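Two complexes are shown next, each including chain A; its partner changes from chain B in the first to chain C in the second.
Coming up: the complex of A and B.
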């Protein structure tokens, strides 16, 4: 029987891994994600989950162990945070290129220096172009659900791609929220066992990852790109099926909140969307026509869904919780793709960005009010005054 | 419902003509003529048999072997990064443990062999190798040692001998001996700090039956095992490609490489010469040592002499007494530079 519990995002991720009956887990401690491994270690020690629990000697090893295990056809789970995510960098491309549906939970943490436990999305953004599916959860329930949805999509024979299932450190990973733990029969109906023809099996020998000549490279890169291109279709099927079985319906790629009649839009991903909702409700009471577009997948980037959502409004505030030093807008990384998505829209909205939540700083209701003020002024002026605002560091 | 995991039992090979006929490392590779590592690969694969999975960290045996669409492996093989052979092998072993236990794969636990070069074993791959040994995975880690990063153009590795010329240790006016440091000792690194390991051995392609039996013994042990296999490289060491076996044998006969087993804490020696030949007999055959002056050769001899007296080597050998080279006046231009 399904039951409702109050658990943190990390505990929700561990429960999702258990529900998915993962077979090989590889751990290494780093805050804040490490709580998911503490939960899983207990589940394995108590016999509640039959899995190999391997203590990796670092994040690079974590990804390497699950690479080997996934290549044998085992369902795998690993995770990390902050500099742990970047320490494993070498292994992300081999996993995606080998088309192994490894799953990695990331609970964001600011990169060094200085040492900072706070949530910032830069860690995961560093690895967004490695050929993995990637997206953020707003709260523990969505984190739980995203794990199951991602296994289903990544293990689909049309896809076979690894997945980063991200949640903000502390804001999601350590703050309990209501989570409905489904009945195992629901999970089994939604998520069939992993089947892979390209697995390492002495009964059917194959060579995995041989050397190629440069002239053979482009075709293989295209094959990887095409697999990623198939994700939206497969994800939509999976999310529809998820709604049928579990009764929770997600907008597959971009969740629109009070956008239909809005002039202003907050474009955001992850935990701070919860505060944005509260701010939007408050602003609406004051007569400000504002809504939100919440990004659920960063990879593959939902170009059409972003364009459709944001072309409804006159001005957009992109909330950047990561850095792209020296990038085209001198701010964060979401702007590039938001602007690219809107380039061909007939009635393009004004777009600016706000650096917010960096280093794990809380993004407050007032910060969203500040964004709304700037968007309103931009509409009056017919242009944005600048492309990047650093929240809390500006005179007005 | 769980299924017990069964393991394989490979019988010893008595004579060379009792070797299995079947090959699992077959034509399709493009290694150099006289390649020692390719020969040991063939012997290892033959000894291990069909129920085997190879992990191939980057190195000569990846780059020169595994060309797309014509790899030489007749058993499953997967590339690993040069950094992570031990970790990938760990994941494969763990996957088969759980898949067999859950009834998702039927058969005896496959041999999992990580075939790593010296760099992939005891330099950049050391951490992953050590962790595999520590965690007790039922798999065999082989360090095929050609004493350099060969496929990248012969750069020094931690097992390149003292005095070896490589493209990163060229002999010059200030550094006449080329390589100044003495090599790491791979099997001793494993023996020294990994209580889960019960079997470590060294082998040479000059003694193929001994090599194959050690592969089988290592695979038969439950838990992690380690083989250090000496595999001369004609290109890197600069000797004619028809002398690979002679060079390998001479390494053993001069004490440059010793062949032994370490089993549950006990040392046993194989192919130990009655009398060791001077290392100069070995060094003079290779271009990589052609620049060495007599004092360098003496220093090398002293190193080998000391190694042959090490714990686990209770042998009496006629050796010249080691000399104090730091205190010696070596004269002008003969290696007094300090770095």
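Coming up: the complex of A and C.
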């Protein structure tokens, strides 16, 4: 029987890995993701999960271990946070290029220096263009579900791509939330064992990752891009099937909240969406027609879904919980793709961005009220006063 | 839809059938600017070249009386020239040969 528990995001990720019957796990400690491996180590030691648990000597080794294990056809799980994510940078592209459906959990942590344990999405944003599927969860239940959905999509023979399953450090990873742990039979129905044709097999010897000629390189890059292009279709099928089996229905790519009659929209991903909901409910009571578009996948970027959701409103606030120093807006990295998605829309909304939640700072209800105030003014003026606002540092 | 020309076609994820001896999909002889040249009269079949070549481009022939050079895969690192115990190997520029890789329109 499915059972309801109160667990943290890290514990939910560990339970998801157990439910997915992962075969090879590679760990290396760094806060805040470490709690996943502490939980998994217990599950393996207690005999509740039959998996190889390997201690890597660093994040580069972690990713190398799961690279090799996945090449042999094993379902693999690893994870990291902050500078741990960036330390393994070299191995991300080879795994995606080899088309191996490795899964990595990221619990966000601010990059150094100085040492800061707080959650910020920059660590994962640094590695978003490698050919890995990537998306954020708002709370532990969504984290649990995203792990299963991502395995299903990444292991589909039409895709074969690795996945970053992200959650905010602390806000999700360490705050318990209600999680329904499903029956194993439900998970088995949703997620069949991995059977990969291109796995290393002594009975059918093949070479992985041989040198190719430079004039063949672009063709392989195109193949990787085409696989990524197939993800939306396969993800939609998987998420529909997920709803049928588990009874929880997600908007595949962009969750719309109170958007249909809205003039203003908050565009956001991850944990702070929960606070945004509360702020929107409060603002609605005051008569402000505001809604939210919550991004569930950053890669592949859901261009059409973003355009559809945001073209319903007159002004958009993009909440940037990461940095892109010197970028087009001199703020964060979500704006580029939001604006690209909206470029061909007949009636483009006004768009501005808010740097919020950097270094693990809390994004409060008042901060969303501040955003709503600026959006309302932008509509009155017919233009935004600037492309980026730094929450908490502006005199008005 | 995209059309991939025949000469650019690569197997899925770059995975190839495991080679038994030579990987035909990756011929490396055309990387070479120098090649080793053997003076058979000086060679005493010590097989240092066979032992030291990182790409197994020196092999003893079936009769066992001669070492044979593989022009298609030798990258021209010249380790063999350095390791030869009898001074039987020397280096020569590819330009000195009619079939030198720098003269080829198509590399092998």
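Assume the second predicted complex is superposed on the first by the 396 of 396 C-alpha atoms of A that agree within 3 Å, B and C clash if a C-alpha of one lies under 4 Å from a C-alpha of the other, contacts with A are read in each partner's own complex, and residues count from 1 in each chain.
The rule is simple: contacts are C-beta pairs under 8 Å (C-beta built on N, C-alpha and C of every residue); 3 or more make two chains touch, one makes a residue touch a chain.
No experiment lies behind these values; they were computed from the predicted model shown.
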item: Superposition on chain A - do chain B and chain C clash or fit; value: clash
item: Greater residue coverage of chain A in the superposed arrangement, chain B or chain C; value: B
item: Contacts of A:299 with chain B and chain C, given as first, second, both or neither; value: neither
item: Which superposed partner A:374 touches (first chain B, second chain C, both, neither); value: neither
item: Which of chain B and chain C A:152 touches, first, second, both or neither; value: neither
item: Which of chain B and chain C A:51 touches, first, second, both or neither; value: first
item: Partner chain(s) touched by A:18 [first = chain B, second = chain C, both, neither]; value: neither
item: Partner chain(s) touched by A:212 [first = chain B, second = chain C, both, neither]; value: both
item: First, second, both or neither for A:65, with chain B first and chain C second; value: first
item: Steric overlap of chain B with chain C in the superposed model, located at which of 147-155, 165-173, 183-191 or 237-245; value: 237-245
item: Overlap of the chain B and chain C footprints on chain A, listed as residue numbers; value: 98, 205-213, 216
item: Complex interface listing, chain A residues touching chain C; value: 97-99, 160, 198, 205-213, 215-216, 218-220, 222-223, 226
item: Contacting residues of chain A [partner chain B, same complex]; value: 23-24, 26, 50-52, 54-58, 60-61, 64-74, 76, 90-91, 94, 98, 193, 200-203, 205-213, 216
item: Touch list for chain B against partner chain A, complex; value: 2, 50-53, 55, 62-63, 66-69, 71, 73-81, 83-84, 87-92, 94-99, 101-102, 104-105, 107, 110, 127-128, 130-131, 134-135
item: Residues of chain C defined as touching chain A within the complex; value: 2, 4, 7-10, 12-19, 23, 25-26, 28
